[in-house]
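Each of the two complexes below includes chain A, the first together with chain B, the second together with chain C.
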Partner chain A sequence: MKRFLGIALGIVTSIGGFLDAGSIATSSQAGAAFGYSLLWALALGTVCVIFLVEMSGRFAIASKHTITDAIRKRFGFPALVVPFALTMLVNLLVLASELGGVCVALELATGIGFQLWAIPVAIALWLLLWVATFDVVEEGTALLGLVTLCFVVAAWKLGAEPAELARALVTPSLPPDERAHYLFLAVSIVGATIAPYLFLFYSSGAIEDRWDKSYLTPNRLIAAGGMLFGALISMAVLVVAALTLKPEGIHVESYEQAALMLLPAFGRWGFWLFIVSLAVACFGAALELSLASAYAMAQTFGWNWGENLRPRKAARFSMAYTVFIALAALIVLTGLNPMKLTLFSMAITAVILPLTAMPFLILMNDRTYMGSHVNSRFSNIVVALIVLVAAVLAIVSIPLEIIGSR
Partner chain B sequence: MKRRRLIYLVRDVLDTQVLDRKKRAIGKVDGIGLELRDGAPPRVAYFESDAVTAWRRFGRRSGRWAARIASRWRGPGHPYRFPWLRVRELDIDMEIDVDVERTPAFDFERWLREHVVRYLPGGRR
Partner chain C sequence: MRASALLRGRAMNAALRACALALAALVVGGCGPSEADWRSASSWSLTAVAVARAWERGEVPTRYARRALQKAADELAKGPLPEAGAPVDELRQALERGDREAVRQLVSELAAR
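Let's turn to the complex of A and B:
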């Protein structure tokens, strides 16, 4: 029974990490611009992230180490500096996107400009990490994250057609015009779905919760169930945007426009549901992202780390997320359009994905760490293929998007 | 007969996580020092766990930068060298027989604790 509860909790927790500014921004824009036709990108990303999350849990269970820790040892410090710096930079941009999402939600609720919220939101985020334990952070975001189920309810109320959805999920397509923007969105969706911080966070979490070999099966269920659950909500966002914003010809360029999407399903309440969902999803992701980045710093340099330790006992670790949050708040303060920032951060995530995923795949096949739990050839191929295709598409489509948006 | 396990210095020792006798994280093995002896083969004398050593491996310039920045909190005795004889266990992690709080490897941690964390709310607990 306890194990069952653990699995259920794990699945719910994953939503907190899954649905974030990236998913809401990319899905709502994709639905509004291209209807259901980009659902395949979401499906592709979800398959890949299920594999990656399962692997990172299995890695932690089999080796008692986190991925970052092992990457440092296997590839050595000099080889790691550039990929590490790039990952941290992208994490910073994504964190700024999440903070921006919370700030925009507050702007929509109060009418006070989002930049003014940057510092209060950053302080709230920091304070929570500073005083709370790992479980509070994990379970709190999970429970609050359930509010995002309102998108699924909306999709159902609006009468989304299952047959049509299923077809769009499995058939990649290319529209006759706006191809560059279409590809850019496809890449951003994949980047938003396979966020590297997600599986780095997951493996550190498995270590913090002291998972042993008896967790191999729960790990598999949590990875698949949690990611599918998260994907269902992202999908619902896309579907609702396709059913409500596209017919009105609304091209989503800011969260203000996306906020209209729940009105047809819930009336005036729809507006507030959107705001709360946006704030909660982004705040939850910001918590996990700040922690994931501090974990990565600590594990790369060998510091003592752990969200369950008091800041005094892990000064370097605690200061790492402190500085990180401060920098992200500065980016929000510059007043960049948070939605544009989010889309670009997601596309760049797809570009650097091979830098984190490929070394990780190599480790998953290393018997000194994994013993008999190494990867099957099938999962190696699935992940390598998706990651490389996404990266190539990203490198092609980002310049096109920049030229196109002028 | 006992099977001998071969250890490669660069593959298995360099960049390994170092723990102290209470399993607290000290840092990584950032450098390994060999001792040259007259008429005898060189032997492993110590390893260094020091970010500046790691940055030197990346490049000359980054090493100089790291040393300049680190001089703010470093006390004497850097880069700190752990005698090889202190190594107790070497597996995926390496355990050594010291108390990390008493070594200069914790200078940065201590400096942050005393100069920053202490002044933040809840930082003294």
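Let's turn to the complex of A and C:
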């Protein structure tokens, strides 16, 4: 019974914690511009992230190492430097996007400019990490994140046709025009779904929660169930944007436009549901990302780490997330359009994905770490293929998007 | 040697002239609004209409509607048709005054364009 409840909680927290600034920005833009035709990108990203998250948990269970720690030990610090530096840079941009998302939600609610919220939100984020335990951080915000299920309810209320959705999920199709933008959004969606911080965080979480071999099956259920149901919420955002904004001719370039999407389904409650969903989803993601970055830094340099440790027992780990949050707040203070920042950081995530995923795949096939729990050939092929295709598409589409938007 | 140097000099001049022409074509060609710019402008006009209508129905608070219309006016002013920002700014002012009749009238005019 206790194990069943643990699995259920794991799935629920994965659902509630799935949506973030990246998913909201990319899915709403995709739905408003291209209707359902980018659902296949979400499906592709979801399949890959299910594999990666399950592998991440299995790796922690079998090897008793986190991914970053094992990459450092297996390949040596010099091999880790470039992927680490790039991942930290991208994490910083994504953290700034999440922080920006919370600030924009507060701006929409109060009328006070989003830049003025950067410091109070950063302090709230830091304070929670400083005093709370891992369970409170992970489960608390994820449970609050269940408010994002409002998008699923909205999609149902607006009469989304399941058959049409199913067709779009499995049939990629290039539009007759705006192809560069379409491809750019496709890779942004994949980058938003397969963010490296997600599976790196998952392995650190499995170590924090002291998962042993009895967690192998629950890990599989949590990875598949949590990611799948979580992805349904991202898909619902796309569908709702397709049904409400596209017919009005509104392309989403800022959160002010996205805020209109729940009005047809919920009336005046729709506006507030959007704001709360944006704020909670982004705040939860910002917490995870701050922790994930601190984990990565501590594990790369071999420092003491752990959200369950008091800050003075893991001083450099605590300093790492403090500095990260401060830098992200500075980026928000510059006034960069939070939605544009989000979209580009998601696309860049897709570019650097192979740098993290490939060493991870090698470890997953190393019996020294995995014992009898090594990857199947099928898993290797699926992950390698999706990651490489996404990276190539990103390298091609980012310059086209920049040229097209001049 | 003088002849070959002269020829190289002439070839270089021709190459330089070709580069300058290509550059000028790029600059001139890149100066006009792109299709993306026109789509963005249309989207912001329609956003202004949608925001004003939502405000009329009482679905969004005035402070949000005011900021969203300001944003729309600013984006339109930066776009291929800067004068399109003026009616949206007028709409924002009517909304701030709480003049529902004026808002309704301006929305109909905007939607008709």
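The rule is short, and it goes like this: the second predicted complex is superposed on the first by the 404 of 406 C-alpha atoms of A that agree within 3 Å, B and C clash if a C-alpha of one lies under 4 Å from a C-alpha of the other, contacts with A are read in each partner's own complex, and residues count from 1 in each chain.
As a working rule, contacts are C-beta pairs under 8 Å (C-beta built on N, C-alpha and C of every residue); 3 or more make two chains touch, one makes a residue touch a chain.
Just so it is clear, the structure is predicted and the values come from calculations on it, not from any experiment.
Asks: Check the residue A:G302 against both partner chains and state whether it touches chain B (first), chain C (second), both, or neither.
Replies: So A:G302 only meets chain B here.
Asks: Mind working out whether A:L42 is in touch with chain B, chain C, both or neither, as first, second, both or neither?
Replies: Neither partner.
Asks: Touching A:A206 in the superposition: chain B (first), chain C (second), both, neither?
Replies: neither
Asks: Quick one: is A:T110 in contact with chain B, with chain C, with both, or with neither? Answer first, second, both or neither.
Replies: So A:T110 only meets chain C here.
Asks: Return first, second, both or neither, reflecting whether A:L183 touches chain B, chain C, both chains, or no partner chain.
Replies: neither
Asks: Look at A:G270 in the shared chain and tell me whether it touches chain B only, chain C only, both, or neither; answer first, second, both or neither.
Replies: In the superposed model, A:G270 contacts chain C only, not chain B.
Asks: One more residue to check, A:L287. First (chain B), second (chain C), both or neither?
Replies: Once the two structures are laid over each other on A, A:L287 reaches no partner at all.
Asks: Applying the document's definition of touch, where does A:E253 land relative to chain B and chain C: first, second, both, or neither?
Replies: A:E253 contacts chain C only, not chain B.
Asks: Chain A touches which residues of chain C in the complex?
Replies: 30, 34-36, 39-40, 42-44, 46-47, 50-51, 54, 57-61, 63-64, 66-68, 71, 75
Asks: Would you pull the chain A residues touching chain B in the complex into a rising list?
Replies: Residues 63-65, 69-70, 72-73, 76-78, 81, 127, 130-131, 298, 301-305, 310-312, 315-316, 318-319, 368-369.
Asks: Contact residues on chain A for chain C in the complex?
Replies: Residues 107-111, 177-178, 181, 248-251, 253-254, 256-257, 259-260, 263, 267-268, 270-271, 404-406.
Asks: Quick check: in the complex, which residue numbers of chain B touch chain A?
Replies: Chain B reaches chain A through residues 10, 14-18, 24-28, 30, 49, 51, 54, 57-58, 62, 92, 108-110, 112-113, 116-118, 120-125.
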